[in-house]
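In the two complexes that follow, subunit A is the common piece, with subunit B as its partner first and subunit C second.
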Partner chain A sequence: MIQETFAIGDSIIHRLDPRVRVVFATLFSFLVALSDRFPTLYAAFGISVLMIIPARLDIREAGKRLKTLFWFMLLIWMVLPLTFEGDTIYRLGVFAVKRQGLVLCAQITLKAVSILLIFMALLSTMNINTLGHTLNRLSVPGKLVHLFLITYRYIFVIEEEYRRLRTAIKIRGFKSGTNLHSYKTHAYLLGMLFVRASIRAERVHEAMLCRGFHGRFYSLDGYKPSRKNRNFSIIMTAAIACLTFIEYYPI
Partner chain B sequence: MNKPAPDRIPLIRLSGVSYRYPGADTNVIDNLDFQLYPGDRTGVMAPNGSGKTTLFYLLMGLLKPSDGLIEIFGKPAETEKDFEQIRRRIGLLFQDADDQLFSPTVLEDVAFGPLNLGKNQEEARDIAMKTLNELGLDGYENKITFKLSGGEKRLVSLATVLAMEPDVLLLDEPSTGLDEKTKARLVNVLLNLDLSYILISHETSFLYDLTDSVYTMRQGKMKRAEKIHVHPHVHPHTSHIRHHH
Partner chain C sequence: MHISEGVLSGPVLLSGGALAAAGTAIGLKKIDYDRIAQVGVLSAAFFVGSLIHVNIGPSSVHLILNGMVGLLLGWGAAPAILIALVLQSLLFQYGGITVLGVNTVIMALPAVICYYVCGPLIRKKTSIAAVGAFAGGFLSVFLSAVLMAAALFFTEKNFWGVAAAVIMAHLPVMAIEGVISVFCISFLKKVHPAILPNYSG
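Up next is the complex of A and B:
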């Protein structure tokens, strides 16, 4: 279920110009994703954890969101150290744990958590229309913005339709197995879902046109230009510069 | 009430309009003539697949007629540009509220239309709050649209349409799937609106409560229905005989 728990709030971060937030979250994420050295990654992790404080996020809720990532990370930690090429540091029967694999896992985990946290602090603190509006103003192509926002809203409607179709199949005694009939049924289900989703998309677009939509999103939230934006920009620029320095000029 | 007075310009006039879906071999709308005058509250009763939703789509410019002339607010409506202006003044309530509500929160959704019409944030917010208030939806502004019940969704959808302050409403089966209480609420809201509208429904009593004249649609044409035919269902001396209408 899609909720905008973090979007409602009145912290310093909430009051920052959304454009500033989007720009710095993006820059930060790219930098983190492209960095390999541990000092940089530790520093980035630290910065993103610190960001949670001024955004006054509910720690428990933030933890819940990190949990989704946790399972994915667990999978990586289970697979990569065993399958990666490199020096063996530990042997467990037929399995050999490789050092390079462990290093890669640690890097991926640090990067993923840092990026997720910075997005939580900076982006999930605005509601989705504001985000669309901001992307519009940052000259992201209208079609992409549109696609993004509508996906966000309708993914659950499509899920509901999927459930309805699945129930319809179940109540007529369908049991999935490894036979042609099952494969065919699954294919029909998927096909029908696509058809329904596209019909739905058409109708939503028509409904939007009927209400005067002409390709641009507007935001209801007003953001006044203030010194906070400038200060935040300076701090973030400095942080990003430091991270770049650590990454590319090792002492 | 629907007598065309010569000095009044119809809000909507269809002359010989036909529409055929690509690949179909009959017209779903066939050589249709229809007028809606200011103050008219017209009902359309029709079986499924008789082209009533198509009719609304033609009026909103979402489909283009294969033949005939559509005039809206006294001007021919042909191009997308014509319809962009028309959509500001005609509100269409979709059959499925989930098609209409696409913003996460109620307030954002209701303000969407006014913002598109060029209102600033404050005006849009005020209009949205006022509209919600008029529909008895105070306190709904921060609710999540997809968590609303079916009835609430319908009322919020109506709010999103009314927030654009239209001159004409097109209502496509607004009572479908509503419980009696919500239906009564909807009837109440519609009766108190000072708007012309076309109401599609296949619920006879709902239709007759809310409209002054009722049409039936068959084979792509509209026909004025006699009110007596369906209204009070009394057959004083034949009530013991099974009957059909």
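Up next is the complex of A and C:
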């Protein structure tokens, strides 16, 4: 089941102006992705962990979401130190563990975890509809936002459709295996999903036209500038300035 | 198929972002407002479709479907894939903001190439259509894997090990996507041919 687990909640972060959150999450992520020095990365990691607290995220759910990252990290920690060229610091038979490889793995892990945590804390705590309208206000093209909102709206409907089809083939005794019949069944299931989506889209479009749609979605909720937003902006600007300073002016 | 955060270098991230922005702009230009509902609901269907896992021996893989996206949406694949990636990162935390551009290029460029190369083939009435559909599924995943490997390689020459592993690991997925595309396209041609661009029953 697809769910927006973090979007429902009431915390300081949830109440901040979404525009502020989008802007600072983006700045912070790019800064981290472009940094290479360990003091910067540790500091960024610290900041992103701290962000989780005011956002009041469910720690178990957050951990579950980091699990996909975990497998990838496991892979690079196993491959990179061995395939990298550099100084050998440990030798085990034919395998030589290289220092540069280990350093790179550590950098990648710190960057990836920091970026994902800040993303969870600032962006996943936002209703996706709100995000759409926020992007529009941050001058992302209206058509793209429109497409984004429709896609988001229909993911849940189509998923239900998918579940129905899935139940139908299960009831008829289908068991997925590695054979042509299984692939054919999956392909037809997929095809049916597209057909139903396409027919539904026609109905949706007609319904929208009937209601006077002329190419624009209106947002009803507005956020007023408040002291909280200002304080948050000041803190984040200071944090980003510090990180930039640590990265580019090493003491 | 996506690259994780924190791996790629600045130049690769930025050029990926620029390419993705250009592709998305072209895609948006090609979709007029009457087609937006169609593209939006279909990209929702692709999003759900990519959750389907098919068995392969003792393990299972999920479908990528960027070839199918290209065959059905043409240039519209670029914004559709960008949006699917944003939704994936919001709902499942697959990647964050900085790799969004690169990942969009990795998935969408092969989709558009398939639209031009395999699109005319699948409209044929002979068995060439099946060849075209297979190529659409196979090629799109293959090109995605190559682009992914290239992004890794341009970041750091020493990533060749991981890059090669990426291409190897996707070989079975390419074959499966090819087979699925053949059946899926033939199904669509029988059941709802209007869904295929420029196809006249």
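Keep in mind that, in the parts below, the second predicted complex is superposed on the first by the 168 of 251 C-alpha atoms of A that agree within 3 Å, B and C clash if a C-alpha of one lies under 4 Å from a C-alpha of the other, contacts with A are read in each partner's own complex, and residues count from 1 in each chain.
The rule is short, and it goes like this: contacts are C-beta pairs under 8 Å (C-beta built on N, C-alpha and C of every residue); 3 or more make two chains touch, one makes a residue touch a chain.
Predicted, not measured: the structure shown is a model, and the values here were computed from it.
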{"item": "Partner chain in contact with A:189 - subunit B first, subunit C second, else both or neither", "value": "second"}
{"item": "Contacts of A:88 with subunit B and subunit C, given as first, second, both or neither", "value": "neither"}
{"item": "A:204 touches, of subunit B and subunit C: first, second, both or neither?", "value": "both"}
{"item": "Contacts of A:157 with subunit B and subunit C, given as first, second, both or neither", "value": "both"}
{"item": "Which superposed partner A:129 touches (first subunit B, second subunit C, both, neither)", "value": "first"}
{"item": "First (subunit B), second (subunit C), both or neither touched by A:226", "value": "neither"}
{"item": "Subunit B versus subunit C as contact partner of A:237, first or second or both or neither", "value": "neither"}
{"item": "Touching partner for A:167 - first (subunit B), second (subunit C), both, neither", "value": "neither"}
{"item": "Touched subunit A residues, subunit B compared with subunit C", "value": "C"}
{"item": "Residues of subunit A contacting subunit B in one complex and subunit C in the other", "value": "2-4, 128, 149-150, 152-154, 157, 200, 204, 208"}
{"item": "Partner subunit A, residues of subunit C touching it in the complex", "value": "4-8, 10, 13, 24-25, 28, 31, 33-34, 36-45, 47-49, 51-57, 60, 63, 65, 68, 72, 79-80, 82-84, 86-87, 89-94, 96-99, 156, 158-162, 165, 176, 179-184, 187-188, 191-192, 194-195"}
{"item": "Residues of subunit B defined as touching subunit A within the complex", "value": "57, 60, 62, 84, 87-88, 91-92, 94, 96, 98-100, 102-105, 107-108, 111-113, 115-117, 121-122, 124-125, 142, 144, 146, 160-161, 164"}
{"item": "Touching residues on subunit A, where the partner in the complex is subunit B", "value": "2-4, 8, 127-129, 149-150, 152-154, 156-157, 200, 203-204, 206-214, 218-222"}
{"item": "Partner subunit C, residues of subunit A touching it in the complex", "value": "2-4, 25-26, 29-30, 32-34, 65-66, 68-69, 72-73, 75-76, 79-80, 82-85, 100-101, 104, 107-116, 118-120, 123-124, 128, 131, 141, 143-144, 146-155, 157-159, 161-162, 176-178, 180, 182-184, 186-202, 204-205, 208, 215"}
